Every structure is written in structure tokens, then in C-alpha cells.
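Chain nomenclature is as follows: A, B and C, assigned in order of appearance, with residue numbering initiated at 1 for each chain independently.
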């Protein structure tokens, strides 16, 4: 494949974890539940995915494990934030802190290492990829000729979530709950149930993100994962104005920053070589801040986003 | 009971309803977390009793073998946790969720390293040298924090994301540019990372035979100053008003004339400056240079410390001691065949239970308070604000 | 046939007994009103009837059958509908989405928007309540929003309709429209529960009236057998006539001068379109108008929350170029906010902290940035005494005070600051008669001291009672100026709707 197609394919690869996290945020925040813990959930899922793949000797097991742990952690966040109307940010931070420690511990406990796990069967292996041979020579389209299942799913998920939120009854209720839960309550909508559902679904999506990090193009877990991708996903959600399609575009923008970094680093010539590595590595994060500055004032979250919902009386 | 009253008056200034709630919630959380931790250990086939014996025995919190060493190490690491904890607390009191202590810590560290080894300063007498270093450290950390503050004040960008991004930016700019570039130690010296700081930059030891230096004394003073700032100054008054009216967009303080925007930036500056102190402590008291690979985490732990300490200066101090103790005991816990990351799991659990405050308050209330007429729906006054009021 | 019967309904909150063994029986097809002061328990009672609250004890019978409602879902199934005091609408959604939420026409899991729109058009026809199904609720005026609320409950087949303070946000005209609708619904056999504290309206529309006072039922009377005075007495327990004494004060020089002021709201829409007026020392200028006609933008411009797009504000002879709350207060303005919970107080702060907010940077409350607790406590204690704030504890959080006492804290705070101009924005909103009297008394004291007062109010009786001059705002402009002696509620109502315009009085 030529460089252009390769770069585009890589961009979708990089975008997938961010996109999943962003979609997770979109679902959950449209119901009014802020989930800072997406980062921690990605970490859990990334590790458990590798663990599952290791035990089951195939990536599908890993996928299952990752999703289950994602749902479980999401349920914890839901319990704190929804059932007990706790502070959603504190809950998220708590989960992230626990994730840091527990996963490091488990990495050592299960794989006896502190850096990265041994390689496991993963979705990036040739026989798990989706081969579309006939377009592989075409510029741009050719980028899609050899993507992983996870990347494809991230794109499909955008469509699914969009459909759910804007064309189904459930989606209408989710958005209503996120805007004015009291109004929804007075109409007999079960606000708690909806918030729970959105939290779990959002967490599962984030789990997909974590899995796509460790079982996507890489085939092992690194202790630094997810390296802020969960937060970049949140930024993508904001940048995308809390819509699935917006999240997709935003994630592609952020992913392309990483591509630019690699390309520039790879270039042998002059100025690009002079710029220290640190600037390249910092670029995606700088870009995120830039993007947030860019949407100032124009990105409005759901009206009751982040406000704990307490049923009266 | 007079003593209780005095205690109450000193730390809360006045009678406050259910003030003991503020203390009980973290204590209960810690207790429950330790129990859950014990269950966790037991489920992996090891002995919880042994684990805790080693953990606390080596923590410096309770007398045990080599107590002097452990005590010193405990205070040494506690001072860093207290620094990042205070940073989070200050921001939190002002209604800001700053996750930036990690990055500000690094900024403080590299600043301390630089002004510790850089030529014109290296030959200053200790007192002057340290003063200069600390001043620069606080300014640098303050600026790093103020960036996020300014973005929030002027552009409304939520500080959770900006501070996290700034953490990563600081990390990469420092580790992959400054330390490998302009601040790299001369290859001939055989040192990797930055050059070592001069003798006059090293923090004076206060307990002979240990590494314990004045950092703990400094942080005690800083903790007191934080309390003073928050509760006895107009600045603190204003940011607390802002913190309480967070969900109302800080309208009430604004309408009363408080310059909310300026305060947001200033609060983040102070927060960053304090976090940076922690970075200075580790460089000038433990590592004496900025190494090529820096083991972080103090920033995030600061958040846990502050949450456990209920975002109050005294609480942060005590929680910092606890976490410092847990970390110090961490190496010993390996004797019970438990990885040294175990204490950080306990920490996370404690925080998780703190997040479940409502649940814990509810249970404690049921336990302690007789129902019906003399109850209030929650613990401290903040909670009494919501909940059923007849229309 | 009894539509609704309540037996011994009691609701206990942690600090308050909101409903105390209330027994009511309401006939089908009647318009039954429930009146009482703020805090009497009317809203609570209705929320119980609608399933939002569960009663601590007591029984409810709907059309003869005993029921046990756990949520509004149950109430809706029993054909009970409620139009809340604060509309339960989602501004971002369309009229259709708001109405069908919770009972959406669907094709499987898909939301059938087209069919929903059709349904809305149909019931809009049927009940004679015109709405645009595709309009976003945020863009609708309040009167239409209320129609949406009514259609919501009619669509679900409500037979018992509860209206909680429905006229609080309506103009006299819109109120008449609502009453027409209510009478039509009554003819249709619907039962209507009408909650209000506006006795005049209650006397106009009701068949029977129940009076609640401090959670207890005082009595149920037929409209023909009572009058406003009687109802007021039952509500408050003593002879109450809210007479505002007319005080004549010699008007002084101009304190505030506004010229051609225009401003946008927080969504960027131009709401204040160029107003000019003066306020003199020792006079109360009242701005009347329906909520949403630019008053908020005027207040925000004066206090510095919004930057006006054009115009001048001149305070004490000085043109205020860049207004912040801080500098406008230093120049002599005091402000009683319309929303005491959001803008007026920091609820978790104690009384002593709230009462000095705004002056806390001044000597003697602080010096060099450090607060002087002793002086603060002394001041707070004095103010609490003088303004009769209950309980007399300066360490109580403002959030634990009643609405009236909260407002007193704000008054105490603002009056103590050095000022010669007072901006009072809906100062009696949500207060009971006793608290309202207190506020009026203090406003008049201020007037006697020569303070220039700009009063923004939605209550015409208040406007007519307090003002020396009245300015009516409609759609961001001043459409009329008059004095209380020369006008009445009807005329003001018409000006508030833009139907009539007055020439400006020659100064």
C-alpha cells in the first residue's frame, strides 16, 4: 500500500480508541451523566482484554473479558452517580485512581512484569482483519482494504449511536433525561433506569476503546495505557458537540495529529529533524487544548449534564 | 467536653451542625477500604494479617523495627503528598477540579533541578540559594496552573481536561526535550539526566542518620498558611463562595462584586505553586537531579489525599501522612508476597468510598441519630440545602 | 360523583410537616381551588396527588377507587394530569417532542415523528389550543408554553387536571385566555384543581375553594359564600389587607440615567432594544411588564452581568464605561436580586458570611485582606436583630432559612452598604404576605432616606402600590409611562401586551 493509504489507515487505527471513548461520553452525557472514568475504564478493558486473550488463546475471549469489566466498572460509577446521586467527577476520579493502581498490580500478578504484557492473539493479526482486496490499489479507498474489526466497528457504532439517539424512542428519552430529568420524571419516564442504561452503554463503548488499544494493532498491554486517550476522547466529545458524528470528525482530527507527528519524525530532512521529540509527543495534547479553545461558546452540553439527579419526596 | 469544644472552635471556628460527620466519613471509608483490601488479599491466597502487619510496621506510622528510618521516610514522602493534596484542595475549595498537580509537580521539579545546578546560583549560600529556588519553583508551577485557570476564566473550558492535557505536555516537554536537550548533563560526567544540584541546594537534614529534611517543616507551614488563606482572608472567603455556588455559575459572588474570573486564575496559580513545591522536595531532598526517567504519580495521589482529607487543610495533612505511611510500608509488604502496588489500591478504594459519601452519611446517620424530629437530611450544611423543603 | 377524595393525607419532611391530615373531596366537573400562602403546603399536596411524592400517611381515592401511586406514571394511568408551576418542558426539543415524551408513537423502537406531529395537530384542533408542532419550545412565549403543558396532559386523557399557580407568569389577557380554556374543559366534564395565592382570580374562576394554612386545612367554602377578605383571613389567620401606605417624598436630583440602552440575552438575541429613563433621588420608578420583555437584560446591564450593545448608563453623574458588579457597587448601587438562591446568597454560607458579602473587602470587616471576625460577628448580630431574621443565629446556613428570612438577609446586606441607588428586581418573588409587607416597609424607608429606587416587578398590585412613576416594557422597549393615580391594572395589562401605548410623561 502506498504512503497515503497507509497513513489514512493508521489514522483510523489511532482514532478508534479515541472515538470509542468519545462515543461513550456522548451516550452517557446525553443522559446527563458525566463519566470522567472513561480513562480508567479503558485501562481496565485494555488489560482484561489482553488477559482474556491470553487465557482463551483468542482475541474474542479478550473482547468478552474487556467488555464485561467495562460494564462492571461502569456499573460502579452508575451506582455512585445515579443511584446515590454522588458527585460524578469525584466518582470518576476515584475510578481512575483505582484503575492506575489495580491494573499495575494485576499486570505484575498475572504476567510478572512491570512494563508490558507478553504478546497475545489480537485482532490485528492478518486472519482477523477485514480484507477487501479489490480496492487496495485505489488511493484513499485503499486505506479501508485491511482494517481491523474493531476499527470497522468504531465506524459502525457512530451510525448506530446516531440512529439510537435521534430516531428511536429510547434516544428521545435519553436526551430528555439529560436536558430536564424532572420534566421526564413527571411524564412517567424512569429517569434512573435511563441514566443507568446510558452509563453502562457508555462504559461498554469506552471498553471497546481500551480493547482496540491493546488488541487492535498492538498485541499486548503497556502499563502506560491508555495514556490520556480517554480524556482526549472526552475532548473529542466536546469538540463534536455531544453528537456521534461530531465525535467521529473530532477523533479523526486528533488522530491525524499523531499521524503528523510520525510523518514529521520520519522525515529525514532539515527542520523536522531539529524539533525535539518532546514537542511531537506533546502535539496531540496541545491540539486538544487548541480544539477546545476553538469551540468556545459554541459547544453547549445537555442542560443537566453533571448535575446529580435526586428524586424528590 | 471542653476539649472537644475548643477543638471544634479552633478548626471550625464556631459551632457547626454535625461537624463530626466530616471526620467520620473519611475514617469510615479508610476502615472499610482496609477490610475490602483484606478480603482481596485473602482471595489471592495470602494472609491479610501478615500483610497489614508488615505494611504498618514499616510505615513509620506506628512504632516498629527500624522505626526512626521508617518515620523519616514516611515524613519525607508525606510532604510531597501533602503538597499535591493541598494543591487540589485549594482549587477544589474554589470550585475547580484541577487534575494538574502531576504536571505542576514536574514543572516544579525541573525548575528546582535547574536552579539547583545552574552556574550563577549554584555558588550562593544555602539560605539564599534555597530561597531563590523555591521562589522560582512556585512561580513556574503557578504559571503552569494559571494557564488552565485562565482558559477556564476567559474561555469557559473545563479545567479537568486542560489540566490533564497540560500534565502530558509538561511530561513530554520536560522528559523529551529539556532533560535530553538543553538541560542534559555533560556526557563526560557520566551522569544521565540533568546535572546534580549543588550542595547548597540540598535540603538540610533535620534528623541525623536519616534522609528527613526541612521539607516536612516547610509543608507544615504551607498547610497552616493554606488554612489561613482559606478561612481568614478575603481571598479565601471569595473563593469559597465561588466553590459553593459552582452549579449556579458563581452568580451570587459575582453579583456581590467578586471578580470571579481573576480569582479563578489566581486560585489555579496558588494551586500550581503549592504542587510545584512537592516537585522541589523530591529533587532537592531525594534525587538531587532530574533523572532521565522520572517515576511520577504524586500528583494523582494528591487528589486522593485531598478527597480523603475532605479538601480541608488539616484533613489533607493527616491524609498525606497516612498515604505517605502506606507508601513507605509498601516495600515491606512484599515480604508477605504482595506486590508493592497494593497500598495504592487501598488508596483507590478509600477514595471510591469517599465518593460514596452519600451512602456512608446515610448509613452513619441511621446508626447515630435518632429519627423524627431532630434530624436533618444530610451531614454538613451543604447537604441540607437540597432535599425536601415544603413549597 | 366524587372525582377525587383525600383522607387524612399527611406529609412529613425532615424539618417540616408540609401536610397535616388533610381531608378533601372534589366533585367531578367542578373547578376546585386550593389557596394558601407560600409554604402552606399546596404544592406538596398536589405533588402527592400526582404521584411525585408519596404521603407519609393517608389515603387517596380516584373516582371512588382507592389508589396507591408510586410515580407520575401511575397518576397518568389514573387520568390525572398536572401543569406545574415551573414548566416541565425541554427547551431544546420541539413542541411535539415535549408533548409526546413518555408516550411516543412508535414503529417498533423507532420514534414516529411524523405521526406524532399529526397527532398534535389533531388534539390542538380538538381542544382549541393553537400551537406550532414543529417549533422549539425555547422560542415560544410563556403563554404558548403553557398551552403545550396543557396539551401534554390532555393527550394522555386526563380527566382530573391540576394547575399549580398557572397565572404567575401570565398577563391579564393570557389569564383570561386560560380561564376560557378552563371553562371549556369544565363543560367537557373535566375536573379542575386550581392552586393559587391570587385571590381575585380564584374568586373569578372557582366553584369551591379550600384554604390551607401551615399544612392544615382551614376550611372549604363555596365561591358564592365568601369573598377575598374572608379568604385572606383564613389564609393568614388575621385580618390582612396588604395596604401599601402612600408616602409623598420630595424628589431630588437624577441619580441614574439610562440612555438608549440595548442588550442581548445569553443566547445572543437582542432583547433590550433601546430604553431611556431617569431615576431621581427619593422616587420609586417601577418597571412593569411580562417576564421576558427585556427586564432581565436591563437588570443585567445595570449590574454588569451583560455588556450592552449600545447606550449609556450614567450613575451619579458619571458615565459608566465598563460595568462590573464591583465598580457599580462602589459607585453607589445596591442590588436586590430576583433570584435569591442563585444571585443573592451563597446558600451553604452562614448568615454572618452572607451578610457581609460585597463589603467584605472594606474596613472594618477586613484589613489588608485579612478578615476581622469580631467585627463581622458584631455587625451580623446587629443586623439580624434589626431585620428580625429568624432564627437569630448568625451561624446558620442561609440555605436553612425560609424564603422570607433569606430575603431579609439580602436586604440587611444591601441596605448596609453605602448606596444612593437601589435596583430591586422582583424583591417579593416567592414571599408570603408577611415577608412582602416587610420588604415594602423597607423600600419605603429607603425612599424616605432619599435613595433612588428602580423596581422591576411582575405584580401589578405591587407596582401600583409602590411606584411614583410606572414604565411599561414590552418587547424590549418602553411603551408607556404613567403614574398610579392615573391608571389601573387593566390599562397596564394592555400596555404590557403592546396593545396600548402611552406617551412619555413630560418630566
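The rule is simple: a residue touches a chain if its C-beta (ideal position, glycine included) is under 8 Å from a C-beta of that chain, and two chains touch if they have at least 3 such contacts.
Predicted, not measured: the structure shown is a model, and the values here were computed from it.
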Original post:
What chain lies farthest away from subunit B once each centre is taken as the mean of the Cα atoms?
Top reply: C
**OP:** Report which interface contains more C-beta contacts, comparing A-C against A-B.
**Re:** A-B
Subject >> Where subunit A and subunit C are represented by their mean Cα positions, the distance between them in whole Å >> reply: 45
Original post:
Approximately how many whole Å separate the CA-defined centres of subunit A and subunit B?
Top reply: 29
Subject >> Residue numbers of subunit B (touch at least two other chains) >> reply: 387-388
**OP:** Quick one: which residues in subunit C touch 2 or more of the other chains?
**Re:** 11, 44
**OP:** Scan subunit A for residues touching two or more other chains and write them down.
**Re:** 312-313
Subject >> Partner subunit C, residues of subunit A touching it in the complex >> reply: 167-173, 175-176, 179-180, 182-190, 303, 312-313
Subject >> subunit B residues touching subunit A - in the complex, by the definition given at the top >> reply: 44, 97, 99, 151, 155-158, 160-162, 164-166, 168-169, 172-178, 180-181, 247, 297, 300-301, 303-304, 307, 339, 341-342, 344-345, 347-349, 351-352, 354-359, 386-388
Original post:
Contact residues on subunit B for subunit C in the complex?
Top reply: 13-16, 232-235, 237-238, 240-241, 244-245, 248, 251-259, 375-377, 381-382, 384-385, 387-391
Subject >> Of all residues in subunit C, those that touch subunit A in their complex >> reply: 11, 44, 47-48, 50, 52-54, 71-73, 76, 82, 84, 88-93, 97-98, 101-104, 106, 109-111, 152
Original post:
In their complex, what parts of subunit A are in touch with subunit B?
Top reply: 36, 76, 79-80, 84-87, 89-91, 93-102, 104-105, 108-109, 227-228, 231, 234-235, 238, 276-279, 281-282, 285-286, 288-289, 292-293, 296-297, 307, 310, 312-313
